[in-house]
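Chain lettering (A, B, C, D, E and F) follows the sequence in which the chains are written, and residue indices restart at 1 in each chain.
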Amino acid sequence: MVDVGAKAVTRREAAASAFVKLGPGTLRLVRANRIAKGDVLNTARLAGIQAAKRAHELIPLAHPIPLENVAVDLDIEKTGLRVRCRVSAEAKTGAEMEALTGAAVAALTVYDMVKAVERKAEIVRLRLDYKSGGKSGVFRRRA
Amino acid sequence: MVDVGAKAVTRREAAASAFVKLGPGTLRLVRANRIAKGDVLNTARLAGIQAAKRAHELIPLAHPIPLENVAVDLDIEKTGLRVRCRVSAEAKTGAEMEALTGAAVAALTVYDMVKAVERKAEIVRLRLDYKSGGKSGVFRRRA
Amino acid sequence: MVDVGAKAVTRREAAASAFVKLGPGTLRLVRANRIAKGDVLNTARLAGIQAAKRAHELIPLAHPIPLENVAVDLDIEKTGLRVRCRVSAEAKTGAEMEALTGAAVAALTVYDMVKAVERKAEIVRLRLDYKSGGKSGVFRRRA
Amino acid sequence: MVDVGAKAVTRREAAASAFVKLGPGTLRLVRANRIAKGDVLNTARLAGIQAAKRAHELIPLAHPIPLENVAVDLDIEKTGLRVRCRVSAEAKTGAEMEALTGAAVAALTVYDMVKAVERKAEIVRLRLDYKSGGKSGVFRRRA
Amino acid sequence: MVDVGAKAVTRREAAASAFVKLGPGTLRLVRANRIAKGDVLNTARLAGIQAAKRAHELIPLAHPIPLENVAVDLDIEKTGLRVRCRVSAEAKTGAEMEALTGAAVAALTVYDMVKAVERKAEIVRLRLDYKSGGKSGVFRRRA
Amino acid sequence: MVDVGAKAVTRREAAASAFVKLGPGTLRLVRANRIAKGDVLNTARLAGIQAAKRAHELIPLAHPIPLENVAVDLDIEKTGLRVRCRVSAEAKTGAEMEALTGAAVAALTVYDMVKAVERKAEIVRLRLDYKSGGKSGVFRRRA
């Protein structure tokens, strides 16, 4: 673990995203909320929020962080579902892993919901999009 | 949750993989075990194994499964790290989510270990590769 | 802990319910899905399912049980929300605590969602309604 | 999740209670500490304290809060057991859900301990009694 | 993780013990149940039972095991507290780590309860005493 | 739980250690990294770090603490493995239980890794070595 004792408490924000590639048939079912297992978007959103709160349990060297906000949004796009997770905290260390864990578990939950109709669906991207706070300053992924 | 009460207990296997794209400098550090935060491969491997055991806590509608094996392997390839997670169980329901959760958390842990040297690293793939057991039979992703 | 080693594995079912008393204004907002914090029914349902899976962590002397189904339903009634949680498993011990924990956490989640508009809302009942399996046979609460 | 980033850190207190209705025979056994499964009051007390610390894992949209105190008390009354849970913290958001979760799990644990002798016991009330701190000020339930 | 898929399900028992060395003054307070923090023996007992159920979360390569019994006993001896934890299950792999984790956390909880009066107390032994089931047969530590 | 609301936030440090007594054959295997189950030192180190973060879940009356550092070191000595766990935080209460839990779980993990070759291995010591911060000042165990 990195010792963050000497770091300053600053406002930390992080945003991560994932993209679950899905076929048009699956997307139609998702949009119509007709996936047998239940409401894909809402279930994934809640799973992501809950997972972000537990990132420090899953990532061995991550610090516990007092998250002040976790927001997970899912958008239906042409070729799949885009998952975005934003988190914020006042902390001595960044919240990147919280955002990434939230996005990852939301995307995995999408897969769990649709796998009966599209077993071969893939998560084709999972990455940090934004980070602010701390000594290393702002990171913003270029489009 | 899908009621699996009427299903038969069969041997269930699942394999999932993730690919963490990394630059040559980062890969050199990983290969030389010179990442400041510690041993990337071993830490990711253990994080993946532990996460697979907790998949049913993270994925809202997943059933608890008595896993009999979880194996996580990481290979250094030309453009990044390949993560593979295989799981098996005697169960009434498949273990896909366990394999995927193990692969995902191992890949996220890789990112956590290298993010100080390559913040923009991405997980470019996370998917099920294989599944056997149960009524739906064998699924094997074509190369 | 009761030693269940000598008991037979039988099909175990349990159903529990809770009633969250709510004022007509709150019920109107719930029905219209206009509670600011989000979708009350779906969020409570998922929280209940997830909590049922973790009952053995919360109730000190409860055994871990391989749940095969957890179903949580919420109905809007005249004076509040009725929460029902049904669970089933093949196990050596009953699943009453799983059903009750699921109903309790779903009801608490309802409160969390509506407390900004009705702080004084109460859960006026939380109880086992049904249980089958095992030596003690069927329990069915009379209406 | 409600973004609490802009809120002030203030002292937060919350108290919740539950009432487990029990027959005179069961109450006699509890009072005499002769319930076969063990010490009802102490077991329930500890279960409640531990659950309050994990409220943010159970309630999907609850924030993690650095609890400074959790106290659970159980009183044997004429018609059952009264459970009270008080919590406090310095935090940006209230600790109502922590108090309620502690009271709920303590009450469920009472049920788990006595269900062999009184399966039909009910929790007839679970509610917030007091809350202070934050912009919304003091809430105190009238008797 | 060791793949236990090919092993037979057999009855598994394990017993572990720990010894917390305590001064006579502390032991007097424990015996009189006058430790300020609460009932040492009961609190440690419950903590041990609960920890045994979560051994597979703590020990990275341990399998989840459907525990059928966990018993933790504490005895006040001349120079300290003896903690014993016995567990049993029908499983493909042994339950040694469950017994040891239960004994360890019960002993740590004893320390937590008495540390205000005897900060330098030590756990001077933590070990497996007995194990049966599986191919390796019975292990019994000689006195 | 001790109410720590009135205490001051100060820098808290704690160090604990455990000693796993091992035979020369086992130590040789550990040193050569030839234990079949995997890398003993690294696995134990990670298990200890992760357990320290969850001490408040395991020890019933422990407070959640925002750990800023957890370091676990293992040294191969003549008669066994020495485990050291140091933790630090800015908190209202001490982090002794976090350090002890980290050392305990690291030591238990060592046992889990070597038990196939030395079932009778024992943890012969688990204790607090150092503590600073708070009203009670510095504690340092004499050699």
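Quick note on the criterion: contacts are C-beta pairs under 8 Å (C-beta built on N, C-alpha and C of every residue); 3 or more make two chains touch, one makes a residue touch a chain.
Quick caveat, the model's predicted, so the values are computed rather than measured.
Taking shared numbers over all numbers used, the subunit B to subunit C interface scores under half, which places it in the different class. A turn of 120° superposes the CA atoms of subunit B on those of subunit E, with the angle given to the nearest 5. Taking the CA centroid of subunit B as reference, the farthest chain centroid is that of D. Each chain's centre was taken as the mean of its CA atoms, and the one lying most distant from subunit F is C.
Spacing of subunit B relative to subunit F, judged by their CA centroids, is 28 angstrom.
Centres computed as Cα averages put subunit C at a distance of 32 Å from subunit E. One inter-chain figure worth recording: subunit C and subunit F are separated by 38 Å, centre to centre, where each centre is the mean of the chain's CA atoms. Those residues of subunit C in touch with two or more other chains are numbered 2, 43, 46-47, 50, 54, 60-61, 64, 66.
By the definition given earlier, chain contacts exist for A-B, A-C, A-D, A-F, B-C, B-E, B-F, C-D, C-E, D-E, D-F, E-F. Those residues of subunit A that touch subunit D in the shared complex are 11, 46, 49-50, 53-54, 64, 66-71, 88, 90.
Interface residues of subunit B, counted against subunit C in their complex, comprise 1-5, 56-57, 60-61, 63-66, 92.
On the side of subunit A, the complex with subunit B involves touching residues 2, 37-38, 43, 46-47, 50-51, 54, 58-62, 96-97, 100-101, 104-105, 107-109, 111-113, 115, 119-128, 131, 136, 139, 141. By the touch criterion stated above, subunit B contacts subunit F in their complex at residues 39, 42-43, 46-47, 50.
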